[in-house]
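Scrolling down, you'll hit the structures one after another.
Across the two complexes that follow, chain A remains constant while its partner is chain B and subsequently chain C.
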Partner chain A sequence: MKSREEEYKEIFVAEALEYYDALNRHISELERKPQDDQILAEVFRLLHNLKANAKAIGYLQISDVSHKLETAFSLIRNRELTFSDEVVTVLFDGIDLLGELIHNIDNENYGEADPVLLRNLDIIVDNLSDSTIELAKVQKYNTSKNLSLSDLIYIQIKKLDHLMNLVGELMIDRDRIISISRELNNDELQNVSSHLYRITEDLQYSVMDARLVSIGTLFNKFPRIVRDIAAAEHKEVDLELAGQDIQIDRNILQIMTDSLLHLMRNAISHGLEKPEEREKKGKPRAGRVSLTAQNDRENVLIRFSDDGKGIDLKQVKNTAIERQLVTADVANDLSEVDALSLLFEPGFSTAKEVTEFSGRGVGLDVVKNAIDSIGGRISIDSKQGKGTTFTLRLPTSIAVKGALLFEVDEIFYAIPLIHTEQVVSLDKDELHEVGSALVTDILGETVTVVYLHELLNADPSDMRLGDKRRLKGQVQNIIIVSYNNRKLGLIVDKLYRQQDIVVKPLRKPLDTIDLYGGVTLLGTGKVCLVLDVPAITRFYVNKR
Partner chain B sequence: MKRILVVDDSFYMRTMLKNMLTDAGYEVVGEAPNGQTALELAKSTKPDLVTLDVILPDNTGLDVLKGIKSEQPDMKVIIVSAVGQEVIVNEAIEYGALAYIVKPFSEEKVLEVVSKALQDDTKA
Partner chain C sequence: MEKKEEKKQVSGEKEPVAEAVAQNTKEPRAVETVPAKGGANEEMVHLIMFRLGSEYYAIKIGLVKEVTITPTITRMPRTPHFIKGVANIRGDIIAVMDLEQRFNIEPTPVEQGLHNPNVTYTLVLEAKDYNLGIIVREMPQSINLPVSKIDKTPSFLQDINIQENYIEGIAKVNNRLVIVLDMYKVLTQDEVNELIG
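Let's look at the complex of A and B:
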């Protein structure tokens, strides 16, 4: 990764070259309109910035020459110096010298600036306007002037958003063209369309790449934040950061900022014990909080853990019963993982007291919603007395998602890969009717199975999700999805391929249908609905 | 977290200030390269504090200062200027700027002035 010094230097040089170009432009204009106050003010501003920036970064020769030129121009502004031919020549030379100095910042062999030129600048600056006649002819050293542009630009994120949207549209049309060229079976068209495929793919990754920032831009804010929260809570905290170089989409990082801050406040305020309490338990006085990032296939994994008191499952269950999220019977039967998942239910908060840093009312459901909104996943693991770990799996890009395509009742659907666990084919006999649901055993785990045909098409009054007789055929294709530690099997009619899709939001009035997260167009021109796994899971739980 | 708006026409200066401030735990809610953007951002982001460069491409820092103070008299403003602009700085203090920083600045100086300005509730 680039050090901050290198980054500063790049920015300094890029901006200095911009100033240099602007100075050249303005001074040529000044030759025609020597007393134009606006141009003079602009030249003054540019030199002023160059001087201040050069001084800040330590290029004293640049700041010195800029200073002399700035003084000369302020004299001209105040009508104390005439913009005569001789003066113009010296100023031009001075600006050229600035250009040379900027271009040769890395050149150790670049010698001293021409003393005659510096002397000429001094003559002007010391306001010896009568002696401008003395101005020696400085030999032009810039006979082989190079034209060069800065190689760093500064761009607004909304321009990149727009570009990403256009790429998305392009991908849809591309898939359509590929599909048509197959149907027409025209060699030439197929060649062109496969070339188009490669180019758009390259374009897609290039635009996605341009939007990436280091996760360190967010992580590095935490040392100070942790210090402040720890001080307010009278706790001692060692913060461990890793993976700052991992790259992620800028908008995703933006959306995750509040969530990570929230987890940090929770961890310090409620997770870590007070130093004395820790000592009694035989733990080091200072609690450890670690925030790490790593790449995992197409995703970024962020792990957030503390070595505090962990989550009290009993308390979680009690609170859930109190808040009428579950009945006492259900709560008692819940597995550890399922009980922890209750923490993400809306309105759940185990905080006993309100503190400055972790006010009441904002629970983990807010974090969960933020992660759902970008199509990510969060899971939680906690051992009482040992600590808590949150694992966040985030996509690297928002607009384009890997998805699994399938068909139910001759309609195409897609599920984002981030929610899919595995695909299995099971004989009807391996599905069992339990109450109003179907369940099966997947690698020793009991998983509820939903017949999508029934869920998506049956009349609500006649919906029988636990009725095996409604299944078609003997062998069932099942996609196992996972959300909030809950696994769900989805029975589909036909499985297709994995594909990158561009998800478009549903527009009114369809946006009120909860089960769909959006829509995409397939190459065949067919509309494909994107299932919202969090919504399906919730819907299914409500149905039961 | 205290929220700060950085106004400076140089990207380099803005970057340095932003890094120094965010490293110290402040939230930089916006960066403005000119006076007009500065006034818009001061209105829309409502920062706790504005660091204001006195020489800007479209108008002077003083105009921006007056604009901010006329609409949001409680907003804290500190001036960032170079050597030789004492006249403007004095004028700015008269118009309600709390303090000033002279370029080139050190990180310690910036943080000292900023944290003092943010603590000082009497003058705002």
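Let's look at the complex of A and C:
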């Protein structure tokens, strides 16, 4: 696979060639209609973009020639230079030179651009109407132009979605075939199926790779947005971006767009203090907001932090009591982490005033739902007076997920790895009945556990989640999952392996049943239910 | 392996409706045709008839994608009681529903000797935007009858509650009463939501 740098270069060349084609088209038209401002503006725009792109990637010759041409066209646009025959020839030559430079970007033997041509360009730019200096004849070197098509194509994301779905289906059938070939124990079939395995795997990664975009495509929109929000809020903001070149699935990034925007508005309107206030507190006048991305194993971590006033835990607790999310007794005993996770509860919003940009009653629960929907996680950390940090853990791909397989009451289940913390085997005696729940100690932390069989299959009128007698056997296999800073241990009957699964979403009429994130087919042809950790946690809390 | 033998056995007993359904538009072999009074020009409707409890029900054939011997069904805990679970039919994972439980119909034993009591059939229905399986315990039959034979407004329909408006009409087929269902109404989203709660 090519390095990212190589890929950027290819994208640049393809775009540059497109610009070059468009320039040729427009300038030919301009020759016929020299007074058309629209065409002039378009030529100007193309040259400007080309200059900027070339400069960014380090092709100074291209950016230099583009700059000269751009200047010439700006003079024409301002009627300081007429689009006369002589000038037209130089401009055509200039654009041809651009094309040549772009085509020879990898050619080390290409050398310098024709100095005569460059001087001609300088002459028309610098000397305006003074035509005493003769334009030197340029030797026409590219009389036989090659026609070439671009190496890049644009493709609708819909088509890639379809391709990804097909690959998913193919992977399921592949696993089935491998399982059958193992059963039949036929050498030839096994050879073919292992080859099939390699090809589909390659195909899967290629399709996944084709869907990746760099996070910068979203991050780079923020400087302008931040400026606008800050101006409306009369605040000063320094925005820090990092990790723009981290790659992520385009659809995941699309779903995260609104959430990041929401967090940004929150941070600036509610998190950061007014400049005067900040100075009084001994902070710099301008608030600092940073948005960083990094790879973390199979996931992408996005950190969003501000150095504002942080979250007032007391206010959070009071609001939660007011909105009847928790009782006053419970609220007082909540740990810092648990209290902060109240912010993600539906209907919670601490915004006291409604501004243009935030506080319209849409709270962090919307952000949380968006992240849940793609199987990601969000956590929050805040120090009063110091600032707030949100950490978003997102999968790189929607369709294929690492998951843990297990069995409860002879039904196969899977839980996406992004939600699992660890797997432990504990003796029944290490579980304790506390009230209507089972708890255990895991590395010094008290964790609630639940027998999944009881939670899923017991008659609702006879459900006893805190009764150890319902457990089978002495040793219990427990999967610790985590959601919204809360850990929950799920006792399962049998634990199987870790495996990449293709999650098929549930279709009507089952799509409203949120306990399941979808289904998948195992190599044996058996259906495996994919549990949705957020929903199962909520279900457990409701049942208690 | 076992399944294959079962299939052979089944097809020996009776004309398989499954094939007729698979070809959908072609003239099926096992079709009970009810003659129309008004002459040959009258519009006919093709239905798939099956038994629930002790009554006969029917749905329009256009909705039925295929009929198969019920495959292994994976139970889905915490779904409405009439959802038997999900099954893998040709790589497609679909929900399978038990209409007897859906309509609160007391199941009656299948006639001895006619069927292997352990075999049930699944009608795979193609609804507007999803597929759905329906379990029936006897081999469904295909019937052809004039549209006019379906009484769309029997007086009793006006008396029963709106909950049961999934009945499209009542037909008389060879002295047998057949309840024609409007499948789109059988499982509206609201009802599913209600039943989860």
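One rule holds in what follows: the second predicted complex is superposed on the first by the 393 of 544 C-alpha atoms of A that agree within 3 Å, B and C clash if a C-alpha of one lies under 4 Å from a C-alpha of the other, contacts with A are read in each partner's own complex, and residues count from 1 in each chain.
The definition used in the following text is that a contact is a pair of C-beta atoms (placed from the backbone, for glycine too) under 8 Å apart; a residue touches a chain by one contact, two chains touch by 3 or more.
The structure presented is a predicted model; accordingly, all values stated were derived computationally and were not measured.
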Could you look at A:Ile225 and tell me whether it touches chain B, chain C, both or neither (first, second, both, neither)? first
Is A:Asn53 contacted by the first partner chain B, the second partner chain C, both or neither? first
Which of the two partners, first being chain B and second being chain C, lies in contact with A:Leu212: first, second, both, or neither? neither
Quick one: is A:Glu15 in contact with chain B, with chain C, with both, or with neither? Answer first, second, both or neither. first
Check the residue A:Arg507 against both partner chains and state whether it touches chain B (first), chain C (second), both, or neither. second
Identify the residues of chain A that lie in both the chain B contact region and the chain C contact region. none
Chain B-facing residues of chain A, complex: 4, 7-8, 11-12, 14-15, 42, 44-45, 48-49, 51-53, 55-57, 154, 220-221, 224-225, 227-228
Using the touch definition up top, name the residues of chain C that touch chain A in the complex. 72, 74-79, 83, 86-88, 91, 93-95, 127, 129-132, 187, 189, 192-193, 196
What residues on chain A touch chain C, complex-wise? 169, 172-173, 409, 411-412, 456-457, 504, 507-510, 512-513, 515-516, 519, 521, 525-527, 529, 539
Can you list the residues on chain B that touch chain A in the complex? 1, 9-13, 15-16, 19, 22-25, 55-57, 82, 103-105
